[in-house]
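The following pair of complexes shares a single chain, subunit A, combined with subunit B in the former and subunit C in the latter.
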Partner chain A sequence: MCTFAADLENNKSPIMQKIVRFLLVLALITPVAAFASGGHGDDHGEKKEKTKEEKRAENKEYVKHHTNDSHDFGLFTIEGEKGEEDSHVGFPLPVILWEDGLHIFMSSKFHHGHEVVESNGKYFVLDYHDGKIYNADEHGNILKKEVDGEEVKLAPLDFSITKNVLVTILMAVLLFFLFRGIAKSYKTGLAPTGAAKFFEPIIVFIRDEIAIPNIGEGSHKKYMPYLLTVFFFIWFLNLAGMTPLGINVTGNIAVTCALAIMTFVITNATAKKNYWLHIFWMPGVPIPMKILLMPIEIIGVFVKPFALMIRLYANMLAGHIVLGSLIAVVFFFDAFLAKTAFVGLTFFLNIIELLVALLQAYIFTMLTALYFGAAAEEAHH
Partner chain B sequence: MGESVELIAGAIKLIGAGLVVIGAGVGIGRIGGSAMEAIARQPEATNKIQTAMLIAAALIEGIGFAALFAVA
Partner chain C sequence: MDKLLDQFSIGLFFWQTVLFLALLFLLRKFAWKPILNSVNEREQKISDSLELAEKTKAEMESLKASNENLLKEARAERDAMIKDAKETASKMINDAKDKAKEEGNKMLAAAQDSINAEKAAAIAELKTQVAAFSIEIAEKVVRGELSSADKQKALADKLAEDINMN
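Right after this comes the complex of A and B.
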């Protein structure tokens, strides 16, 4: 008994480690279970009669629903009894539109795409399949315009606080208070306390393994705030995407585009003479080569942030689609053995995705530091 | 006539994307394999090798994704 108490006080004891390990495994399993039960409900009773095509279409819809941005924060859906409609549980988000004036209302007015909303004499409908808002007449028919022989749906300018925007804002607030608290804890003493205990090694890792080797001692200080922000922002959002809430912020090309543009602007705004020299007049090569290299280097300036954008977006989106599809496959089979096998596979991939969440944040920060290094480099002749 | 040309063009696009993805896969596999050998020879340089490996793999991965986006 005494040894047990002593064990508890010592963090490195085997019992404590076992408890922590158990909790970690529990935390890993929960998302899979919640995800699976949340999206689909049970396949029993008359639901068994669904044909394969119907199931396939349903699964496709399910994956799309979880990877797309939406105008409401859906938590889960309760499948209605025969003849009744499914009820969606969640909370609505504000819709902000610009169409000859500002239109602001809550997304609950759409009733999940079933009703037309009238605001200041304009009518809007929500297409529940692609999650976008379109202009309509009072009967709910989407207004269309003919462009080059093709019909294009008319849509207002959409500045809504969607699910992605809400999560991004919440994450920014969380990061702000978390890291302000960490910074404050160093004012009382050098030993880290509280959250700083956990985050200090990661912050030091970014400084010593990413910033200093790539940018160089001294000039790395200028870039550290951005590197730390971008690393934790991407990592936390990736982790938020692993929860069963269906958040897919880093798998949205607009978000990664904004991050890549920031890297692009900082790289070029802080670039020294040496950086521009290497782009426009490469030193150390014959003059015909200098002329040949110039356009290639100029393209390279834009390709680098473009690749950053695509890499993060595609990795996270692909991860979500693969996970969603595998969970959907669990419900596709009727055989117990097949279901079990796919639950195992989903669990395994979930763990891989947790690793990818960290890896993608690391790679984004690493490559950003690499580009900053090229910009901050002094001539060495 | 026009329809079949479109079909063939689509098929060629898909095959091309497949080839690029195979190439990217082989490339990343080779990087991983070489990194393993390098770590086996110089275990003390593991950290540096891992970093270089990840960067190279990430760069190749970008090309694979670009191919996928060209057809998607």
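Right after this comes the complex of A and C.
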């Protein structure tokens, strides 16, 4: 397959090249290159043979674009012929904005950042590069305001159903029906059947290897629903990121932040006396040490969920960037051998990423259980 | 850090929180509780069953042992009965033998007695017969001796002589 693809690639037939590029990506089950968007309307017009620098910049743009959230669900882009614009294949998503009132319209109105949208007397533009919506005047100039001598772009509150939100909804629905189905399957008999055969050992693993050793038998029960939900939620979203649809939910800071804050809230809301005692008045150490440890422990309360947030975000984002870059490298090199080698390397890293998807879900759940364990611990001195 | 904050989308954060919490509550009610309950129930059942099996096994073991004992007892009883029967039989035989012997002896003694009595009677009869015969003979002799006067006189002389001599 790889050899075949690379051979065709050398033929330089533009249509074939595009098809092969898409097939290659699908075959690798990788997320990035499917979002191949050529120029973003800035450089349409004369299209020459691209220089290395241009190609490099373009590849960088693909990768960056893929890792960001988006207001439309792009599947792939067909590069325009000379003098034509690129055409994007995908579907639009609803935009929900709050700017002195509610503004709801479909993202297709932006035409991928080319058009100004008017809604209830307000004007909005979509910046295709950072994927954000800004306030603008009727000519499409972004409104700015001075803050501390710096110009800041004005943006409305954006509650749009973006690609990440849509994927999260789909995954939540999938998870709900999957596990409700599993729960129902136990009504016919106590032995697991179908999907339960696969998922039950994982559920039991989370209970026996994560929850009970870290939280303790008995008090682990009230934390189980959260641990299970967070594990499968992260795992499934990580796996969704492995599809060639250009999804990167768990590699988004807002998503990991939401998860980490929930862990933080649950930890502190359910914490027993012993937990607070260990923070504010550490038992078993001299009084000067107690005073010294107090600020450190207080900082620790916030650092723990912060680390959770950054760990998941950085791991998933880095994985996507590395994979995207490697796929870009496949297209960057002209030499057949180099292409083949990088296809192999990309495939190998893909397998690793598949493992990382599970591993990160496990680590997040494990550490969450560890924090819950500290909160639920009773005094034992 | 600036880039991180720049990338942070309030909308995405909001939706994420809402969706996750909704999923958490739905799954807790419709999935995790029933699944964990079923798993617990099954584990309980399995451990109960294992315990029961162990118990049954022990019971079987004891039952087997008691069966063995019962068998042993039965065997011993049978042996004892056989022995008893044998003893009784041999005793009966011996008793019968003794009795028979005794009876025989008794009969023998009775026969002897009757033989002796018969013998004595016979002897007495014989003695009577012999006396009778002797008297008859003596009568006959005496009659011959006294049949003539000479003879009577000779006899008287002889007798007188016998008496004289004395």
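Everything below uses one rule, namely that the second predicted complex is superposed on the first by the 333 of 381 C-alpha atoms of A that agree within 3 Å, B and C clash if a C-alpha of one lies under 4 Å from a C-alpha of the other, contacts with A are read in each partner's own complex, and residues count from 1 in each chain.
One rule holds for everything that comes next: a residue touches a chain if its C-beta (ideal position, glycine included) is under 8 Å from a C-beta of that chain, and two chains touch if they have at least 3 such contacts.
Keep in mind the model is a prediction, meaning the values are calculated, not measured.
Comparing subunit B with subunit C, the partner in contact with more residues of subunit A is C.
In the superposition on chain A, contact of A:Leu367 is made with subunit B only, not with subunit C. Residue contacts after overlaying the shared chain place A:Lys122 against neither subunit B nor subunit C. Considering their complex, residues 209, 213, 307, 310-311, 314-315, 359, 362-363, 366-367, 370 of subunit A touch subunit B. By the touch rule above, subunit C contacts subunit A in their complex via residues 4, 6-17, 19-24, 26-28, 30-36, 38-39, 41-42, 45. Considering their complex, residues 68-69, 96, 130, 157-162, 164-165, 168-169, 172, 175-176, 179-180, 182-184, 186, 190-191, 196, 200, 203-204, 207, 224-226, 228-229, 233, 252-255, 257-259, 261-262 of subunit A touch subunit C. Residues of subunit B touching subunit A in their complex: 47, 51, 54-55, 58-59, 61-62, 65-66, 68-69.
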